[in-house]
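These are the structures in question, set out in turn.
One chain, subunit A, links the two complexes that follow: it is found with subunit B in the first and with subunit C in the second.
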Partner chain A sequence: MTTSTVGPAAASAPAARQASGIRQAWGRLRHQPVTLAAIITVAIIVLIAAFAPLIAPYAPGETDFTAVLAGPSAEHPLGTDDFGHDILSQLIYAARTALVVGVGSVFVAMLIGVPMGLILGYKGGWYDRIGSRVMDIADAMPGIMIGFVVIAILGRGTLILIFAIGLIFSMNFARMVRAITLTERKKLYVESAHVSGLRNRQIVFGQVLPNLVGPLAVQGAVFLGNAIKVEAALSFLGLGLPDDQPSWGGMLRVAAEHQVDHPWMALPPGIAIVVTVLALNLLGDGINDALSGARTTRKQRKKARALAPSLADVEKARQSAEARETATDAAQAATASVIPATASALITTPLHPETVLAVRDMRIVADRPDGEVVPLVTDLSLTVGRGEIMGLLGESGSGKSMLAKSILGLLPAGVRVESGSVELAGEELVGRTERQLRSIRGKKLGVVFQNPQANLSPVHTVGRQLVDPLRVHHGMSKKAARDQAADLLDMVGVKDAANRLDQYPHQFSGGMAQRVAIAIALAGDPDVLILDEATSALDVTTQSQVLDLVLDLRDKLGMAVINITHDLGVAAEACDRVAIMYHGELLEVNDVFSLFHEPHHPYTKALLASHPTADHKVDRLPTIADFVTADGEWIAR
Partner chain B sequence: MGKLVLYRLGFAIPQLVVVSVVVFSLTYLVPGSPAAAILGVSATPESIALVEEQLGLNEPVGQRLVEWFGGLLHGDLGTAYRSGLPVTDMLAQRIPATLSMILGGMVVAIVLGVGVGVYTGTRPGTKADRLLTGGTVLGIAIPEFWLGIILTTIFAAQLGWLPIVGWVPFSVDPWGWFVGLILPSLTLGITGGAIIARQTRAAMVRALAAPYTDTLTAAGVPRRKILYSYGVKNAMVPVLASIGVVFAILIGVSFVIEKVFSFPGLGSLMLTSTIGQDFPVVQGVVLFTATLVIAVNLLIDVLYGLINPQARPA
Partner chain C sequence: MDREVIIPMTAHRPLLDVRDLEVAYEAKGGMFRKRMTTVVKGVSFHIAPGETYGLVGESGSGKSTTGRAILRLADIAGGTVTFDGTDVGAMGSRTPLSYRRDVQAVYQDPGASLNPRHRVGRAVTDALKRHGIGDRASRRAKALEVFEQVGLTAAHLDRFPSEMSGGQLQRVAIARALVLEPRLVICDEAVSALDLSTQSQIINLLMDLQKESGVSYLFITHDLGVVRHISHRVGVLKLGELVEENTTDALFEAPQHEYTRSLLAASPSSSPEGRDERRAARQQRRVAVPSALRQAS
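Up next is the complex of A and B:
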């Protein structure tokens, strides 16, 4: 009866990769102790049911009138019921009933639901409209009610019970299969199969069915548990199996009658149901997790906590870094050269007279599930001056967004700052607690992320999302904050600001939503504004407008801006200085004109060369020979 | 808002009509004839024909369908085969007990589910989260009627704190009504609460991992405010849907646990009518339940529109 969610990975893996996916899933299963325990429990229950006659001390109908309603004894380890049936033997034979009815009804449910879902999902049109109505009607009916009605019409009996319970769950299968078929149908590989002339049926069975295996296994396990619960409930009411057939529900019916005088009788069958259903549900969850590869281990979480640097460590590291910095400054002054000795070191322009943000020797790592520590950003140092727009340029996976997130203290789970320091207007940020970070968030540091719509809460008005930070930072009344919010919106170029405060994010275009996000980031008058790919999702015209806005705001408010981007155009258009990042390292920092006209680092040269411009006619776009693989390896070719 | 209600009614009314047609057609699915089912082994062709005549079962389908809908519009659900009483009266007598129990169960399920879900969803991976989430897994696996037996055994039979037989009409004794509802509501609410808790937890975790949470955090909005005002409101969008599902489940479960608490509700009526193949009563209970579920889903969709601006029709 519970609707369990199905892992997206299982539903989306193309058929060709299914086999290796299942092997991977098995590999993950081994690391899920709860799932292993569930598998073992289910196996034990199946064995007990299969070998009931060998295990049970008495035959199912055997009565012992010398011991009626007796407590536990040597002959009857769990006692007897009102007819002198041995409760232990009843319990063992009832496991058989539960599994037969459960498996049978899941089979019936699949038999009805899977073809129905396939047809609705694949044929669409009228089939789908009518079929979906049928499912809506089933929704209006509590599951057990369907059981009542089937039994009222057809009478009692094992097969009828299996059919009744199967019918209850068939619609869930139909719904799930329909949804998966719909997504699969739309996928490219089904369309390409169409083109190659395969018949519809072949497509459905060849391409869609393999993708159903995972979700069906998950749902099958969960519904088996539910079916056993429903069987017990119907047998408890006396609507299930004939009375001579032992069932956990039937045993509980007897137990309920003797609730006052023999309360212990309710325990064995109840526990049997709970254990069986629990094991099946956990098995379903486990398969789902294994297929989707979700869930971090406890070890990982512990490790992440233990490894986070403390404020004291950071302080020490910063002092030594500062000492070195003065040394390099001196060395630089001495050589009067901007090109350092080693090839990997940075090319630095003179420091801005008034540094507002200084990142020193930053090292950010990710902890992989297998215990390996993957560096994402290595020994990176960077300073940003007051009122300066610093472009942080790099391709995807170069670690630029992780750097930004580490400055904000918003690193995702499993990623941490291993060492280094971030100094913002004289305050250390690394190693701060959530509470300590709050005093700088918004007030000293603002941020705008990439996806304009997702950056705003969809169920709150834009005004509310501006008023909340304003009230936090300026302790304003609601009324004053609202006026201020309208002014902010007006400043970022949203027209009719006062009225638009009451609108929701989905009523804003991408560019406008991003302006709102900028207004939120500016609510606390920050010293530094970080744009984390903030214009990447916008079309070129809108992008340009938002960048102009940022330049304007910088001139007006005087805050520094870190503009993280993978777009050379954005870096060239709206930055004073540009830092080039590659594979977690800072390769080159220079003012925007020098960098684009006289790149020093070979990578920067290659990067600029790969940018198509109207001046050069090329047959083939130049590419950079190294590439970063999905799991973070840096492969050189 | 009126627009949304109208829009949803336009969806619910056809659903209700189709459900009534399906319920009407149930008697045609009986192998042989309902009359034969009523008469049992003693049936002869003559007695079957006589009973069919008396019950109007031999009239043409069209005429019976028109009569069925005509009756429905006047609140007439026909006459019970066994007792000869109007089905509407029989239902009316049972509805207060069933509605009271479901109301109590829903209150427990929502308070427990949303409470536990928000609590665990704001601290995923902690010990408290693992313990409570483990509890919800158990809550879903426990058969409600067994839980009912255990609770009455402990709190009524052994400790004597609460009455074993629960139902007291509200009009007779409001306090007795409340006390009698405690155990049934807990029994009903725990499974539903477990389902809602799992949904709420997942929705909270999703909401707190969303970019807007980062935007607001970075803008300096206190975490407490983000959790309870932004997180919860965003999480309520999927949670509302699960509350609708839980409502339908709770009705079904209440039919089973009525037996444990000796509640004179629709469940015991449905049980005797199912065994006795008293189809007009079965049809009446099914139709009432389906109407109730459809009405509650309508209400939930309207609430959904209130929370989620994107779900409002333009």
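Up next is the complex of A and C:
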């Protein structure tokens, strides 16, 4: 028993421990400058409201009849109103009112809306039908009218105002909670809770409600702003708070009475309302963005461009790699038995001698927000011959999809090529601008992803999706492109192709949609077709049909195919050579027949042994652990 | 060689007996009239104590719906489901707690079957609490015990689903199903989403647990390789009908129905040897029976 150098250190450990969703969201929140400004603004307003008696120069009701309707002065920085109230002090105390009424009414709205939405969404049936109509009727009435009615019946006062505004917004909460509950209810964790025997009440409040926290926080922040606006509007109309209670709306009403002679009076409350509502809305948007995941910012894109290797760097790296290739060719003749993965990766086979795609010393890294640079693919080299089907096999997280995306120039945000070269039919792809890559992608590369429907645009006919690339990349006339599109569909085995051009993707079954996706990928007559788990979501009979189609097309058109898969069976049936990837490294590149009969790497042996198949059976499946020593070294046997 | 089932002499009747099961879904469209689509059409099979019954078929074959009907998550439109002598269809609107304890489920997507906002240990303790088992401390002890049984540690109890790998999550889902000591577990594509090396570990785990506890499995999957390995007997569903049923080896070595044969022919082999011949044979089969395949695609 010997041990090889590449240790599967991480095989038994889980993927790097991730922060939980909320913590990640908070991390993103802190990197949004606008949101940060909104948080600071809201915090300042809250502090002002909380410590109003300490900050305000005068008490809320204090009048100074020596200075009525005075302009700004040393005693009264923002002047006074018609009763001689200090406007600055009024403004500060009014912030308190606005927040109390705002927070209170959002609380009331949630108290009514959240349980209502949960019950309607979860129970469904008649509850939902009647409840939804009630929501529709409530929504049809202007919110402010509901406020009028409540105040007309119950009179004026802080608590009544809170209730009135809360009622206005409760239906929005109910609607949102109902919609989310409807989707959550169908999720497996709810079903699992049922199977465990949990009561409906426990499922609704214990299981579903925690998943509403994010959306409720967003809506809460936005409605808080709206509630403050409604409070201001009602107070402006003299329907909100009692006149002796300072409020921004009340201050605006006084200002409106004197707008001809003292126009400046409207400015302080007006600005206060705009700033507060704006900050709350931006905060809501910020929370929403943070919860919905990372997005590429311009800064990130700029950074990625700056860090990307230049064409000159790439050229130099390629020359050194080529020099090594000649060296390994010579060395290979000398050493007999085991060919290292890097060497066999760089040669083509006699069956497909012409190199069409050469990946050299590829290093792909992810930039974490905390500045850590995590390697995803390390020093990987791979050569694919014209007309060859290269299987790229690995488990999730092995870097196989990242490698494909780097070839396509479609790496996600925060992931970049650190060094290396991709040469496609004599043209270097690394270091190209997005625009240059776009034209290369369309003409020389085709790609089909896993989900057949996601490959296609749902709002365009398949004909349009086939015709567009033909016209763009080959400058065909409309008529010629349409004829060519029909030929392509016919070639991938879609019957009645000319008529089906006018259909939409949802009118195709999964297998047929995947055929259409292949037709679109082939429209540019590519040198390399990349299949990224393209048959993994299909049923076995459909999968075998699509794989057979790929083989037929390769025989007919002679393009190279990179078939990314986690399925050994797919590799066995439809690949010429197979590259085995594990934790970002290429462990072995081998002819498919040799791979299955004389695998070089212990990991490949482990994969082959642990694969349950329909054509034979073993008593107990070996697992990866059986091929690893206690020290985390591969066992070669 | 078939996996042997040790059936105690006292077990004269099967644990689960499904007879002429029909399940229908309300189809969208009709505004005033309910249009029903039957997705399971007269399916009959039984599962003995300690046995694994594999139910295979392609998407739309009704295999998952059959499992959901047994779990009382889909309404039984016709036929009977009998569990240990009790008619499951006649249980009324409230499922007896004993049935919720005896019959458990493990689903395909372990991430989705656990609440993203709860620590995973809670999935196990919540189930114990609902069934009135133990106090807070003993429930946690029990959770740890079952976590260790499925190859997890105490440290995993307080993790969130987002902090665990797919294989670990599936172990949690199995722990939740097993902690109530069920007699039947419905495994709906329970290993299909897992990586190959993880898949073999989970299959071994399920088989070991069966040996220890004598639990029965209804193993629903589209993966013929997995079914061959884990099942004692297999039923093949096509468009809601059970077209063939046999012991595992008999079914794989001598399939009787044309549909079973086409499924086996389409299933990828474990070796590239003879693949050109297989490809040619598939081509011929497609010409010979185009209708069956077109329906399937």
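In this section, the second predicted complex is superposed on the first by the 435 of 637 C-alpha atoms of A that agree within 3 Å, B and C clash if a C-alpha of one lies under 4 Å from a C-alpha of the other, contacts with A are read in each partner's own complex, and residues count from 1 in each chain.
FYI, a contact is a pair of C-beta atoms (placed from the backbone, for glycine too) under 8 Å apart; a residue touches a chain by one contact, two chains touch by 3 or more.
Bear in mind that the values here come from a model prediction, so they are computed numbers and not experimental data.
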item: First (subunit B), second (subunit C), both or neither touched by A:V592; value: second
item: Which of subunit B and subunit C A:L239 touches, first, second, both or neither; value: first
item: First (subunit B), second (subunit C), both or neither touched by A:L392; value: neither
item: Subunit B versus subunit C as contact partner of A:N211, first or second or both or neither; value: second
item: Touched partner set for A:F449, first subunit B, second subunit C, both or neither; value: first
item: First, second, both or neither for A:V260, with subunit B first and subunit C second; value: first
item: Subunit B versus subunit C as contact partner of A:A606, first or second or both or neither; value: second
item: Touching both subunit B and subunit C, residues of subunit A; value: none
item: Interface residues, subunit B side, partner subunit A - complex; value: 15, 18-19, 22, 26, 29-31, 125, 137-138, 140-146, 149-150, 152-153, 157-158, 164, 195, 202, 210-212, 214-223, 225, 229-230, 233-234, 237, 245, 248-253, 255-256, 259-260, 270-271, 273-275, 277, 279, 282, 285-286, 289-290, 293-294, 297, 307-310
item: Complex interface listing, subunit A residues touching subunit C; value: 11, 14-15, 17-18, 20-21, 187-189, 191-199, 202, 206-207, 210-211, 213, 395-396, 509-512, 539-545, 548, 551, 566-574, 592-593, 596-597, 606-608, 610-618, 620-625
item: Touching residues (chain side subunit A, partner subunit B) in the complex; value: 1-3, 5, 133, 136-137, 139-145, 148-149, 151-155, 225, 229, 232-233, 236-239, 252, 255-256, 259-260, 263, 266, 269-270, 273-274, 277-278, 281-282, 285, 296, 301, 408, 410, 434, 438, 441-443, 445-451, 454-460, 465, 468-469, 472-473, 504, 506, 517, 520-521, 523-524
item: Partner subunit A, residues of subunit C touching it in the complex; value: 58-59, 71, 73, 95, 97, 100-101, 103-105, 107, 109, 112-118, 123, 126-127, 130-131, 160, 162-166, 168, 173, 176, 180, 195-201, 203-204, 207, 222-230, 249, 252, 262-273, 275, 278-279, 282-283, 286, 293, 296-297
